[in-house]
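Data first, discussion second: the structure below is written as structure tokens.
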Amino acid sequence: MCSSHNQLVPKVATIKKITEETSSGDVKTFYVEFDKPEERAEFKNMPGQCAMISVLGVGESMISITSSPTRPDPLEFSIKKMGKVTSKLHDMSVGSKIGIRGPYGNNFPVDEWRGKDLVFIGGGIGLAPLRSVINYCIDKKENYGSISIIYGSRSPADLCFKEELFDNWPNLEGVEVHLTVDKVEEGERWDKSVGFVPQYLEQISPSPNNSIAITCGPPIMIKYVLESLEKMKFEDEQIITTLELKMQCGVGYCGRCNIGDKYVCIDGPVFSYKQIKEMPQEF
Amino acid sequence: MMTMTEKMREQVKELFVNNEIKLFIGFEKGFTKFSRIPAFAENYDEAKKMIIDEFETPFLAKYLIRELEEVAAGIVEKSERVAILTRGCDYLGIRRLIVDNIILRENIVIVGIPCDGLIDVKKANKLLGEEAREITIDEENVIAKGKTENKIISKAEVVLDRCRQCIMCEPKESDIMLAEKTANVKKNKDYSKIEEIEKMSAKERYEFWSRQFERCIRCFACRDACTACNCRKCIFDITEPEMLEKTVATSEQFMFHFIRAFHVAGRCSACGECERVCPVDIPLGLLNGKLRKDIEFLFNVEEAGIPSEIEPLGEFKLDDPDEW
Amino acid sequence: MSVKFKPNIICFACNWCSYTGADMAGTSRMKYPATIKIIRVPCSGRVNPTFIMKAYQKGADGVLIAGCHPGDCHYNSGNYFAKRRFLLATRFMNYIGIDAKRLRMEWISAAEGVKFARVMAEFSETISELGPNWRAREEV
Amino acid sequence: MNKLLRSNVSCLLKKLSEHTEIYASTEEDGVCILAKLDNYEEWTMNYVRTANSVKDVFFPQNEEIMKYKDASSDLKIEAPKPFKERIAFGVRPCDAAAMLLLDDVFLKGEFYDSYYKERREKGTIITIACEKPDQHCFCTSFDLSPGATEGSDIVLYPTEDFFLVVEVTEKGKKLIKDNAELFEDIGAKPEIVDSYKNMRTVLGDVCIPNDLNEKLKGEFDNSYWKKIARRCLGCGNCTFVCPTCHCFAVCDVARGCDGKRARTWDSCKFQDFFLMAGDHNPRPTQIERTRQRFMHKLNYFKEKYDKYQCIGCGRCVEKCPVGVHIADVITHMKEEL
Amino acid sequence: MKKIGVFVCWCGLNISSTVDVGKASEELKNYPGVFYADDYKYLCSDPGQELIKKTIIDNKLEGIVVAACSPNMHESTFRAAAEAAGLNPYRVEITNIREQTSWVHSNKEDATIKAIQLIKATVEKVKKSEDLFPQQIPLTKKVLVIGGGISGMTVALEVAEAGYPVILVEKEPQIGGNMAKLSETFPTLDCASCILTPKTAEVGRHSNITLMTNSEVVESSGYFGNFTVKIKRKPTFVDWEKCIGCMLCQEKCPKKTNSDFEHGMGKRKAISVAFPQAIPYRPIINEKECIYFKTGKCKMCVKVCPVDCIEFEQLENIVEENIGAIVVASGYELLPKEKLSEYGQGKYADVIDGMQFERIASASGPTEGVIRRPSDGKIPQSIVFIQCAGSRDNQKDRPYCSKICCMYTAKHAMLYKHQVHDGTATVFYMDIRAGGKGYEEFVQRAIEDDHVLYLRGRVARVYEEDGKLVVLGVDTLSSEQVRIEADLVVLATAVIPSEKAKVLGQTLKVGTDAYGFFNEAHPKLRPVESMTKGVFLAGCAQAPRDIPETVSQATGAAAKVITMFSKNHLVSDPQVAKVNEKICVGCLQCEPICPYKAIEPETIEVRIGHTVEKRQVATINKGLCQGCGACSVACRSGAMNLSGFSNEQILEELKALCL
């Protein structure tokens, strides 16, 4: 048999469970398990890394792993219905087979954050990559300072991971959860703040000393969040975000996801704001 | 008397001075000795380096799509127009864009030049036996100077194949004509190569074409150089429905060349640009030529190369032939 | 006895005339070989030459387009356009090496069930003589 | 050094073809290409460079990554069968050097491509030095030369009636040992080798400054990109003929529930190369794409692998329909900065 | 994968006899995308449709494939069932495994493989289907009836009674059609004009009916609910508004000509009205015969006309009308006897056809009801009636039976015997077809009471011999040659469509069959509709039939029109073309192809970031487009697509069939 462990050949996995995150059904979380346990053992993923999910016959797409390595099985992927592969995934039912390969990309530098306060700023589906590192830091709470989560979405129905946001995370000590929504249709019960995430962030204004801000979400939100973080005198190294580009191989030689000489699939997707400033503004 | 280049420069100076155009598209010297490449001048001094001679030149009409506003924007005022250097084959390309509602005739200034055939440097080199260092052209023949000896070749021998069957020597109508009209010598249609292939057996034909398509590397240069291919988003780039898969297998190559040929059926003006730009020299002219020959024979269209208001495949006659 | 080659033939039948003609052949219990599969299209003018080439590429051995008689088209000009496209397509395919006998166009009206069955049997016979079509076919 | 008579080249090829695939330069309808050869008389010498490069042999345009069976029910994935030995004969020195650049991409780094690795291990490159480079060549600007030996296993230096054979790698030595009867040892002939090595190309040297990539860093919104991009038609010609371009697309070919996943070349010049789901395209117009192509060749590649991603073979210059020329970019950037 | 339900129908034994239905539904169970697959005895029955509805609701299915009979039969039934269950009807597709598979193949194994492949192809088609919603189109509530015979008038009266405006176009100067020419009608022998004139009078004075006699439809465009029709009003050379109907002009007019109303049996004046009870009771000048038109002199009618309403320079004018529906009631004609060489080819004056006998027998006819020989006016002592003259005759490629000749020939014989008791009436027949109510009794009465002699056999030749007509035939019952000398021979010639019908068909884009009768949408289930939506058929225009059937069919057509007008707007088929504006470049190469001129250029504004781009694209007028799809082939980039038969759907079907 030819060396079958070519990077581009996926491993077979099965969808064990599917939960709908938003009521409109455009974001679903897939609980996936490898068919062969030894392939799961090889798949050592760190928080923030991604994996190439392939729907055979349609294509592949790079999705961030939303489950933390501290709670390994099954792997969880929260996927928004955007393109060809993701909409085919949304049509799939429990028990159908998909391909997985990875893990790819660098991970959040959790070791450098020892003893620091962590501020997670998420928008819409952007909470998915953050959730893996939030759960990771919660499971190793002793290494880190306080954790505050600032998360917003278009409407209460679009909030992802509702049970963690409302009943799981707030009751843990040292963890605060601040939620906001852009608008509330009448008839929906919503007692928390209403407004965009960047303005809400400035209201809460977490202190910049000895803290790291990690943000992830739609590009427009990231743009304003970075501005308000600068206003609050966060240094560039203190701000971490993830970038997203079209990826075909995920292993750095298909020449597609480069910003300047950095490849998002191997040098990213996690970048510090300092790195981003040095790169050419072409993403 | 002034050479064509000087006449052009003077005309362009005049156009820029009284603010008639915003851009002039012409040719300038390329990097290798006899190559001519497109040049864009937004003011007169940029136009100084432009030249006109009888070496093989690329096709300019396609640039009008990007340089001009959408048709919906309507007729722009005088100073926003684009001037373009136009030989007969360029004119057919421009007509094609006008008929396809991609550009408006009022938005362009046609600077016409007569032409009776451009020189093919490769043929000159082959006759000379080595790469010519110097090539000078006068009325009837071409002097090619190589390292050791030089040769005088009659122009007819080295003229481009596409120019041998040129259906329009200079633009039928133009805003400015740089030189007086030459005798519009009517060249007879030469479908001999196509008839040659038609005489082969079906098996030979399949082998001939699969050998050609084997070489195709699917770089789409033929599509991007052709004015008849002026879609907003080409069907080969659309993934839903996927008419053509990205994999380059033999059946996909047949599919690609079949669709491309059919999309220019009745629209191709035999300018030969697709053959010129093909990196592996696939005889695309024979494909387009076959469809043009059939259209002229079956639907008795006098000259399928000249763009008509409604394409041959866009209309029908009650007495179209029935036997197949 | 050698297993006779069973061709795979695609027929594009226009909904108003030929498809109803095929139904007529059915109601009068005409028999023709089961090698022909019919795709219903609103008009023979709907058949894009690219579909024909796609059929050969995906593995069809023969393609038949059945439309209304000229003048009878429910959309009154669909079949004239189909005729022009077909005239070019069949010559061009023959030119690049696919046998012209593998593509056929027939005018079959709603009342000509008999003709439909006869044409189908005839076409299936010619194609099984020609054998499978490997030219421009996809290898998987 | 050995000698190989021109006459017994075809019997060498016939002997080698018993257990290896032979890719040799042949002329087909007036175009010289490197193709799999079965009748060895068709091998030809009168070409400056083949239309397709040796990249075709080791990183083919269309390559099957895997086959899969009944996609969603119980999925089975098979890797392709192992590749056969292969020999590329009649390659030019510049193409052979290009393979070293591709090796950096596909073999170095944390992830390597096993198919490419296997083909490279099972492949030998027999180069023929260039007798007469033409007006498009500028390999000397990348410290290569018509007689360079980088990347090849064996280099043949043509003289009037025989080839001077120089083994470069172990593989080359082994091959010559196996077919010793066709070669004759004629001792060292350095003057033939040097005559090729210091032959100058017509275009002359473009002498690229070593710190060109530093200079290019700041040149992101230089108006020069807009000027040359205006001429570019956006076809994939230059990237597909270039022996060092390695961008590819992964696509699935489905036949019902089964099918295969294939890898094919892709070009950064195409409209949808960077298009993401949700219709966001970081490089929407030809200006960004032209800049991306030249910055990748002259800046990003140098940053990562400390080599310029160009070997001066001149294919992109010869084949570009509108004369967008990499040497012009280098000279322009050199003067301006 | 979309959740698709597959239902394979047994159709009793029709499908299950040559297609292994169980194996098919079994195989489809684990086909990707199929959530539920089952077979059922009669899917089109109510329990069958209940099964479909229940399965859709229980499993929230998103697409249905019914493998049964032809879509022309039950596509609408299954789509309605799906709609009732809350699924968009255009997510339902039919696989034809009866007419095109089980009935046409004998080998069960091949037929099953083909059926399975066809069903899989349809599943692929349903996967690419979209929700389509019918379009509301405005409707003109006005009907155009072409032909003023009994069928046209019945439709006009019924629709006018329902309160909708009617335009009745008749090519003759007066309405009444063929029925007005009849003497009595079978089987009740009541006088034709007695039962017709009340109808014509009512039509004449009904406020909702606009009568356009002496006119023809020359052009029609548009689509159902919105037709635009051009009607040519031929000149009558008399101003009918001013004319008071005193008919002095007809009396005083010196010129006599052959009256085509009398079929050559009688004469009429150059300016005249066809028959006394004609509606409208206004004269018309026959310009070919009138002396003034030929020589410019005479003008007798101008002199005598009290209200001076003669207008020699009257021109034809074209009237344009917006119409919602069209009813074709163009009636029939008799095969001209010149076409029948074996019966004298029209040379003998005393060999006449059925309509000429009607005129002779009619009280308002030229002979005031006395049956006389057209040659010398004598009362004939013996008449021979020849049935099936030209009908049921393959040589003349008119194999059909004209249906009404058996009855009217019996009537003719009976009328003659009532007038000339001692005369002999012989009828040569093949089979007597008297299937209507009271028909058979009528024929028996003619045989027993009126002693009409029925000879079973065909007539070989009719020729004249010294002033006497000789009829040579055979009596197959006694198998003897028969030679009868007759004073008068009446041919029951074939019923053929009126000669302008073929042209009318082309104008209205309605197909006609090989003999020129209009094609109905479905012979049994939709006899009064034509294949073109919005165009209905009534009477002999569709096939030969007698008056009771014509009236019932006309009432049916009127009912169809009234139901169509009962809604305020029409629901159009959403399977029409649609433009993907992101891809369309606006080259409009599709525009010349559309037969309904439904495509126009339009400028749209597209917002990209903060710049607004104006672009020209093609747009579809959803009402005009009938969904033929010819434009989607002309569109190179695939921007123009046809919902219901989109490029994706056809390609998926193709791929599934070629696997």
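Just so it is clear, A, B, C, D and E label the chains in written order, and each chain counts residues from 1 on its own.
The definition used in the following text is that a contact is a pair of C-beta atoms (placed from the backbone, for glycine too) under 8 Å apart; a residue touches a chain by one contact, two chains touch by 3 or more.
Everything quoted here is computed from the prediction, not taken from an experiment.
Traced through touching neighbours, the fewest hops from chain A to chain D number 1.
Centroid distances from chain D, each centroid being the mean of CA atoms, peak for E.
Just to note, of D-E and B-D, the chains joined by more C-beta pairs in contact are B-D. Chain centres were defined as the mean of their Cα atoms; on that basis the chain farthest from chain A turns out to be E.
When every chain is reduced to the mean of its C-alpha atoms, the one closest to the centre of the whole protein set is C.
Inter-chain spacing, taken between the CA centroids of chain A and chain E, is 69 Å.
The geometric centre of chain B is 31 Å away from that of chain D, both derived from CA atoms. For the pair chain B and chain C, the distance between C-alpha centroids works out to 38 Å.
Separation between the centroids of chain B and chain E, computed from CA atoms only, is 56 Å. Multi-chain contact residues of chain D (touching two or more other chains) are listed as 71-73, 249, 251, 253, 255, 257, 259, 266. Touching two or more other chains at once are residues 233, 240, 243, 249, 313 of chain B. Chain contacts: chain C has residues 49, 54, 77, 81, 85, 138 touching two or more partner chains.
Chain contact summary for the complex, chain A toward chain D: residues 1-10, 12, 54-61, 82-84, 86, 92, 96-99, 244-246, 248-249, 251-256, 258, 260-261, 266, 280, 282-283.
The residues of chain B lying in touch with chain E in their complex are 70-73, 100-102, 230-235, 238, 240-241, 243, 263, 310-311, 313-315.
On chain E, the positions that touch chain D within their shared complex are 1, 30, 32, 656, 659. Only residues 65-66, 68, 71-77, 79-83, 105-106, 109-115, 117-118, 220, 245-252, 254, 257, 259, 261, 263, 266, 268, 273-278, 282-283, 288, 292, 296, 299-301, 303-304 of chain D touch chain A when the two sit together in their complex.
Residues 71-73, 255-257 of chain D touch chain E in their complex.
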